[in-house]
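Before anything else, here is the set of structures, which you'll find just below.
Note that chain A is present in both complexes that follow, paired respectively with chain B and with chain C.
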Partner chain A sequence: MSDKKERITIIIAGLVVGLLGALLVLAGNPANMGFCIACFIRDTAGALKLHSAGVVQYIRPEIIGLVLGAMIMSMVRKEFQPKGGSSPFTRFVLGFAVMVGALMFLGCPLRMVLRLAGGDLNALVALAGFVCGILGGVFFLNKGYSLGRSYKMKTLEGVAFPAVQVGLLILLVGFPTLLAFSAEGPGSLHAAVGIALGAGILAGVLAQISRLCMVGGIRDLILFKDTKLITGFVMIFAACLVGNLVLGKFNLGFAGQPVAHTAHIWNFLGMVLVGLGSVLLGGCPLRQLILAGEGNADSAVTVVGYAVGAACCHNFGLASSGNGPTANGQIAVVIGLVVCVVIGFMNSKKNA
Partner chain B sequence: MTYIATFFSHFGAIKFKKLCEARGLSAVTMPVPRSLSSSCGICCRFDADGIDHLKPFPEELEKVVLLEAGGYRQLYHIDEQ
Partner chain C sequence: MNTLDARGLSCPEPVVMIRKAMQSKENAYRIVVDNTTATENISRFVKNQGYNVVVTQENGDYVLDITK
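Presenting the complex of A and B:
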């Protein structure tokens, strides 16, 4: 793939994902939440009764689609590679910490961009925090940070996570009475299963081809002045902004935004944690799903870390709501930042 | 001839770039080209006459390819040693 083709691919991927972000809201997803990896993993954890927050329980087919789309595309391109063994439990802990930060802000980096495209200025504060977190991560990269190399694994290790996603889809479609579904709140708002799954698969295919990553874009810009990956980030914003303007869903301001709060310091710090943790993991939550679909068992463990983190966030009152953050959540974000810094130093070259 | 080396860690690429420069070779670090890998780490592109004089490669180095017209030719991969 030439440099130009690489750039065109990422532009298309960004535009389609941004547009899907707007259209999925029209199809029934919560406002400014066409796609949110953190929220949707949290909802799925709720549907599996890993937490009991009644308003955020639903198996989100978008997540299933993202993983399966990435798996299919990586197999077509002969890039499906079962691998793992790069500090899996440290990745689990970092995944947990990233989810604590995301549920403080109420969104992953992808939803941050979609919220911004909906006019939610709280996401601008979060973006500043996200960039600071990435700068912190880059500091550790330059100090020699590494979680160690990964190794080739057996095929089963690579297909196990996508197979679990198929299992979740079977549960959702065939055995819904086993699951918990929200009767009200964001979890009760969702697009039809086929539409959500199709959107997820399409986004998964495009993200696999383009390596779309919210963290990687800013990292490459800082480190190499390379604008390719961040173009995807900008295109998501542009396409979703146009979509929202056309659909009359653009509402500029801080207050009264959907599934959001205005505690600036905590929106900022929550996304510092997401940015820092994601650089230490080597990619944002969307990217981890795509890598897991490509057979990366370390990313699969990271996603499980997100899910357990999300469940704990709701079981112990760490997650924010429209009313704002909780004291427990604030303590958890600070602990999460400390944990990330310790992991950063302990895995830097002088300490490795 | 121009080569690209990919690494398991960011720091591995930076160290290798310094090693190349210490040997008088022109080298830059950059994001791994999509055509080379679906993973998104960083790589080191360097100009040299052959790669044997740079061996033994550091353990962070995953593979080395030679840039050819229309593509890459893999010369070294850690899992194939």
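Presenting the complex of A and C:
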């Protein structure tokens, strides 16, 4: 793809994802939560009864759509590549840690931008933490950090994760009584299955083509002065901001924001953990879903790490709520940061 | 000319690898990657450094010949 074409696709992808972020709220999703990869994986984990937090249980079709959209597009573009074997369990642990950070703040990097576009200034504090975490990750990359090479795998290894998503869709549509669904709270708020799935597929297709990545934007700007991915980041913000202003859903301030709290230090540290962990993983939660759709089994393991992390966050009271963080969550974030730093050092080459 | 092997490495390691190699300021480099994302990322980076790049496909891998 030419540079100009790359630039245009990332602009379109950013604008569409930002706009979908605003429109999905109109269609029924929780406020400032048109998309949230962390929250939606957590909700899906809840629907599967991996945790029993009654207010956050629902199989989110957006996640299914993102993976399937990326798979279809990568097959069309002959970029579907079953591969894996690059420190899978370390990636699982990093995925777990990233989820602990995201559920401290109450959002993945994508929701952070959508919250900002809704006027939630707590997301600005989180953005500062996110940048600091990315700086930490860049420090390790400059020290030669690597989780090692991945290798070609058999086709089944690449299609297994998308197939599981199809299974989840069948469960959601055909056998909902097997699942746990929230009767109240954010889990009870959702767009119709078809709309959510369609939005996910569209976002998945565009994210696959454009390589949209929330952590990559800031990382590449710092590392290489490369502005491609940050363009997508800015476009998501701009489109969602305009969408929210038009729909009258923009509400500037710190207090009383939807599915958010005002514990600044913990919003900051939560996203330090997300930024650092995501650089060590090579991409944000959205990007991991897209890569998993492209046949990357390491990213699929990472997503399972997110899901198990989310379940543990709710089973052990680590996740924040609108009332603020919990003591257990604060301890978990600190442990997560230590784990990431240890993983960073252990995988950096000397004299690199 | 050194040939760098960045196959199987996660984003952005291939670009970090070529950036480190290019500190030697030679006129030509060759790097092999196994996916189009890395191909695009490296191409963008080396063009920003004032180099030209030619990509050829070989056995499912991508060979990037980078010249001044």
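Here is the rule we go by: the second predicted complex is superposed on the first by the 350 of 352 C-alpha atoms of A that agree within 3 Å, B and C clash if a C-alpha of one lies under 4 Å from a C-alpha of the other, contacts with A are read in each partner's own complex, and residues count from 1 in each chain.
Keep in mind that, in the parts below, a contact is a pair of C-beta atoms (placed from the backbone, for glycine too) under 8 Å apart; a residue touches a chain by one contact, two chains touch by 3 or more.
Since this is a predicted model, take the numbers as computed values, not measurements.
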Simultaneous placement of chain C and chain B on chain A, clash or fit: clash
First (chain B), second (chain C), both or neither touched by A:T9: first
Partner chain in contact with A:D226 - chain B first, chain C second, else both or neither: both
Touched partner set for A:H314, first chain B, second chain C, both or neither: neither
First (chain B), second (chain C), both or neither touched by A:L141: both
First (chain B), second (chain C), both or neither touched by A:K349: first
Touched partner set for A:G283, first chain B, second chain C, both or neither: both
Contacts of A:R42 with chain B and chain C, given as first, second, both or neither: neither
Chain A positions touched by chain B in one structure and by chain C in the second: 1, 3, 6, 77, 79, 86, 141-142, 146, 148-150, 211, 213, 216, 220, 223-224, 226, 228, 282-283
Residue ranges of chain C in contact with chain A within the complex: 7-13, 15-16, 19-20, 34-37, 40-41, 44-45, 47-48
List of chain B residues in touch with chain A within their complex: 8-12, 14, 29-31, 33-35, 38-42, 59-60, 62, 79
Contacting residues of chain A [partner chain B, same complex]: 1-3, 6, 9, 74, 77, 79, 86, 141-146, 148-150, 152, 208, 210-211, 213, 216, 220, 223-224, 226, 228-229, 282-283, 287, 291, 294, 349
Parts of chain A lying in touch with chain C, wherever the complex brings them together: 1, 3, 6, 77, 79, 81, 83, 86, 141-142, 146-151, 211, 213, 216, 219-220, 223-226, 228, 281-283, 298, 352
